[in-house]
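Look at the two complexes coming up: subunit A is in both, with subunit B in one and subunit C in the other.
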Partner chain A sequence: MPEPILQLLLIPLIKIVVLLVVVLLIVAYLTYAERKILAYMQVRLGPNRVGPKGWLQPVADGLKLFVKEDLVPGGAEKLVFMIAPAIVMVPALVMFAVIPFGEPFQIAGMTVTPYLADINIALLFILGVSSLGVFGIILGGWSSNNKFSLMGGLRSAAQMVSYEIPMGFAVASAVLMAGTLSMVGIVEAQRAAHIWFFLPGILGFGIYWVCGVAETNRNPFDLPEAEAELVAGFHTEYSGMKFALFYLAEYANMMIVSAMAVVLFCGGWLPPFPNLLAGLWALPVLAWIPGAFWFLAKMSFFLFCYIWFRGTFPRYRFDQLMNVGWKWLFPLSLANVMLVALGVLLLKG
Partner chain B sequence: MDFLVSHFAEILFYILAALAVLGSIGVITLKNPVHAALSLLGTFFIVAVLFVLQHAEFLAAVQVMVYAGGIMVLFLFVIMLVSVKGLKTQAAFLSPLIPVAVIGAILVGALIASAVLLGVFATGNAGPEALQMVDGEILGNTEAVGMVLYTKYLVPFEVVSVVLLVAMIGAIVFGRKDRFIGEHEGEVGS
Partner chain C sequence: MMNGPERPLFDVEEMEISFGPQHPATHGVLRLQMKLDGERIVEAKPIIGYLHRGTEKLFETMTFPACIPHTDRLDYVNAAHNNQGFCITMEKLLGISIPPRAAYLRMILAELQRLASHLVWLATHAVDIGAITPFFYTFRERDEILDLFEEYCGARLTLNTMKIGGLPFELPQGWLDRCAKFVDAFPAHIDEYETLLTTNRIWKRRTIGVGVISPEDAINMGLTGPPLRGSGVEWDIRKVFPYDRYDEVEFDVPIGTNCDTYDRYLVRIEEMRQSIRILRQCLEKLPEGPIMAKAPKVLRSPEGMVYGSVESPKGELGYFIVATEKGTTPYRCRVRPPSFVNLQALPQMVKGSLVADMMAVIGTLDIVLGEIDR
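Moving on to the complex of A and B:
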């Protein structure tokens, strides 16, 4: 095979396959982790029948969802009903293309980058693609021809459109500190600055994380699927594999929000405490640990926080949700961007 | 095969351009307003890909972000105002629009003709880096757009933002019927 085709097609193709398999595996076991952690928080055992300690539970769940009957409600708008889960799932997976899991390394004389693409607008790409996901939710809710679904979809649209704005400003504060929109560039800027951005940008980091939880429709912001009021919200009428796509997309989006928090504010693949332990990280044993390990460790922490919140906080009321978003987070994030811009101007000249 | 490889960008451009045209035809011909709005979303998405082909990544991302939000609001209006059951019987609203379409075609034709005559398209061969240059240096599309927007076109940019602000305040004023219409016409039922 000629060299350029190998470089252009084969290597990205292998990377895409590896990335998809790894992401979907993590997503599958995230559902297991959630059930297990929630169980321990509520002094239960959680899934423990399929395989040792319930390890095969996600596989069993997947099989069950595959073979379940795929119902389409009578009055549903068929075409839209069919493509809505895909509109949710595709953006959730596409965003992983620009997440840098580690730094480039050498193997068999070739430089391998543990990310698909380092594009100079990676952050805008993520924000843009993530804004497409909400279409699937509202279309799924609308096409189901069900009041509860429609209400869930509308709530979700209002919530995601509202919280996108403070989230954008919080992300902008990290961009101001880094001076680039490239994900790899942002991590490199934190290496060069010898400080992770969550320390100077603690306010932006907090706003980002709250908005991130709200964007993924998770507790305490899970009003679109508030079971006490809306049955199951926008996916009430979905069953089988279509429901599974909504479900998986939610977990994939959680991973994206966590990965973004790691890249923007917590130093990406850099080892922890770059200042305090600089001498320690120079030790050959610790330097050997790949960056991807630190990245996944930090991402796991944020994913744990998601589950922790679910086990801890009660759900917001809808007017409280809108108040927090528009009257608190939005002005705060705006002030934060101005403060950070001033700080960057004073420090860098 | 060689032709395919060497003209890959052009072939891609024509395929995408055809899809964009198809999508925009779908916007005005599809009877179901939700399908039409979806078609509009697809068209904007393809236009964003066309921007990427021209090495204008920033414009592509902004295109998706801005229009995705805009169409979201359009969806909400459709869902609020149109019921699913009434859609099937609705007649195509294309035929009364034919005279309008003819006039529109003539105007667009005149616009393109004048653009060709004035040589607007003559700078088309500026190379792939034309949209990424800042002071003769290739920095990237984001930097190039920012530099042009905040130096050369600063005044028009600020004027446009004031116009948008006025439109926004106007929408809020019209939306508050309790204060401005209600005084004269009594309670407006909702």
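Moving on to the complex of A and C:
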């Protein structure tokens, strides 16, 4: 087989399939983990009927949603109603293309990169694509012809738009420190700097994480689907697989936000404490463990935080949410960018 | 639409939205017809009657003791007070005074029921504001209370546990010890809920200054219970018109100062602590003796009208009974449910606030539709 075909077609195809399967599997089991962890936080047992300890629960859920009748409300805008879940789901999956899960390794004399693409504008790509998802939510809410859905969609739009700005600035602070927009480049920069960026950029990291939680519409910022007020928000009228797509997209977005936090601020696939443990016995051992493990471990921590928040916090009110976004996070993130820029200028000359 | 120079830049229309009766957060089948300006509530009108079962009319067709099981179904998270209110009113009518042991046992049951009811309130109130975890903690403790009830009378929810003239059953063996154990353990659990909510910044921002009702308005509307006490009016039927033996136990009536949802939350939390205090005293003072007063098998009423009320967890629960000479059934029985009266404050409390505040207000009024519609 000629080399270019192998390199350009076959390997990426295999990677895409593997990536999709792995991501969807993680997403499915993330729902299981959420239910289980929440249950233990709330003195319950969680799913434990399907399979040993309920491990097959996500499969059962998926199956149920798959064979469920696909209802379209009478007054709905049919076409828009149909494509809205896809508009939400596709960007959520596409973003995984640029997430570096580990460092390149050798197999049978070939270098395999555990990421689909290392493009030099990866961060811009993610920020751009992620803001497409909101269209699906607005359209889904609007096309349902339900006032509760519409309000959910509007809230979601306002929320995502206003939190994208401080998030962008927070990301920019990491970019300033790394000097590149490539995801791989940012991780390499942290290796070269011997420090993860969340230490010098602690403010930016905090802003990023708050905005990330808000972007994914999760507690305490889960207003668009606040069940007490808006029943289920924008996806009130959705059922079956279309609902499942919204649901999966939410969890995929959680993964993206967590993965971004890992790459930008927590050293990506690098083993922990690159500078503190240097020279200690632990370092070679930690370095021997594959990078993908560290990446997933760090990502799991952030995902756990999501679930933890959900078990702990009440929900913000809409106006309070806007206040937090515009009056606090926005000026704070601006100041942070300037601070970091100044620091970079002084340190790097 | 307006014409001329006053015409706004955009055509703005109020959105009419029918909220409920099958909405997950309206605590039953309450329906609210709302006019919204964006997220702001211009007008909210409660529409009730979806759970109307004609209880008051039913009372007229059955003998006095047969009414009691039907009172269970009025405020179904709070059966003991419904029984107690009816029994007290009937005893007033018939001139029966119940033995002290029965009175103390009634107080124990009533205070346990108050705890159970407040736990349901806290659970649903917190869920409405987005905190899901307190729900499971409170229901864990509520279950222990229900276990105690089950052991005593066999039922967990619709207790039917009081009789005109006393109580139907003596306590099972060891019940008092188990009750005392629960009473000792419970204050720590209240602290647990408070850790999750009382100082939580989001909880405070969602409740402080929300659903304000002035003491004057509260009195004029006839609010009772925590909604009234949250507005700083010290009014508790147990204190002002003591029934059973509430005059023999010591307890405080907590009141709020800011008239808002947060104060009503604090009032109810403190009420739980006071209930524990009452329970402790009752368990200590519980006298020996009969549990039934001497009452005829078939109750025949004198002619007359009588009103009796108890302090249910939601407010003043009153029964007004009109009886005919030698009658065995009420000629007319009107129930004064606290939720029904408290609900009428809702339109004023939510006017001009956001949709999300309405959830907080519905939660803080602690309404039960079974009682409102009867």
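We adopt the following convention: the second predicted complex is superposed on the first by the 342 of 349 C-alpha atoms of A that agree within 3 Å, B and C clash if a C-alpha of one lies under 4 Å from a C-alpha of the other, contacts with A are read in each partner's own complex, and residues count from 1 in each chain.
Keep in mind that, in the parts below, contacts are C-beta pairs under 8 Å (C-beta built on N, C-alpha and C of every residue); 3 or more make two chains touch, one makes a residue touch a chain.
Not measured: the values here are computed from a predicted model.
Asker: Classify the contacts of A:Gln42 with the two partner chains as first (subunit B alone), second (subunit C alone), both, or neither.
Answerer: The second partner, subunit C, only.
Asker: In the superposed arrangement, does A:Val161 touch subunit B (first), subunit C (second), both or neither?
Answerer: In the superposition, A:Val161 touches subunit B alone.
Asker: A:Ala192 contacts which: subunit B (first), subunit C (second), both, neither?
Answerer: Neither partner.
Asker: Touch test for A:Val67: subunit B only (first), subunit C only (second), both, or neither?
Answerer: In the superposed model, A:Val67 contacts neither subunit B nor subunit C.
Asker: Just subunit B (first), just subunit C (second), both, or neither: which does A:Leu346 touch?
Answerer: It touches nothing on subunit B or subunit C.
Asker: Check the residue A:Ile107 against both partner chains and state whether it touches subunit B (first), subunit C (second), both, or neither.
Answerer: In the superposition, A:Ile107 contacts neither subunit B nor subunit C.
Asker: Contacts for A:Val134 in the overlay, against subunit B (first) and subunit C (second): which applies, first, second, both or neither?
Answerer: A:Val134 contacts subunit B only, not subunit C.
Asker: Which residues of subunit C touch subunit A in the complex?
Answerer: Residues 15, 17, 23-25, 39, 126-133, 135-137, 140, 196-197, 200, 202-203, 205-206, 354-359 of subunit C touch subunit A in their complex.
Asker: Hey, which residues of subunit A end up touching subunit B in the complex?
Answerer: It comes out as residues 75, 77, 79-80, 119-121, 124-125, 127-129, 131-132, 134-135, 138-139, 142-143, 145, 150, 154, 157, 161, 164, 181.
Asker: Note which residues of subunit A are touching subunit C in the complex, please.
Answerer: 38, 41-44, 147-148, 151, 155, 219-220, 222-223, 226-231, 310-320
Asker: In the complex formed with subunit A, which residues of subunit B make contact?
Answerer: 32, 34-35, 38, 41, 57-58, 60-62, 64-65, 68-69, 71-72, 75-76, 79, 84-85, 140-142
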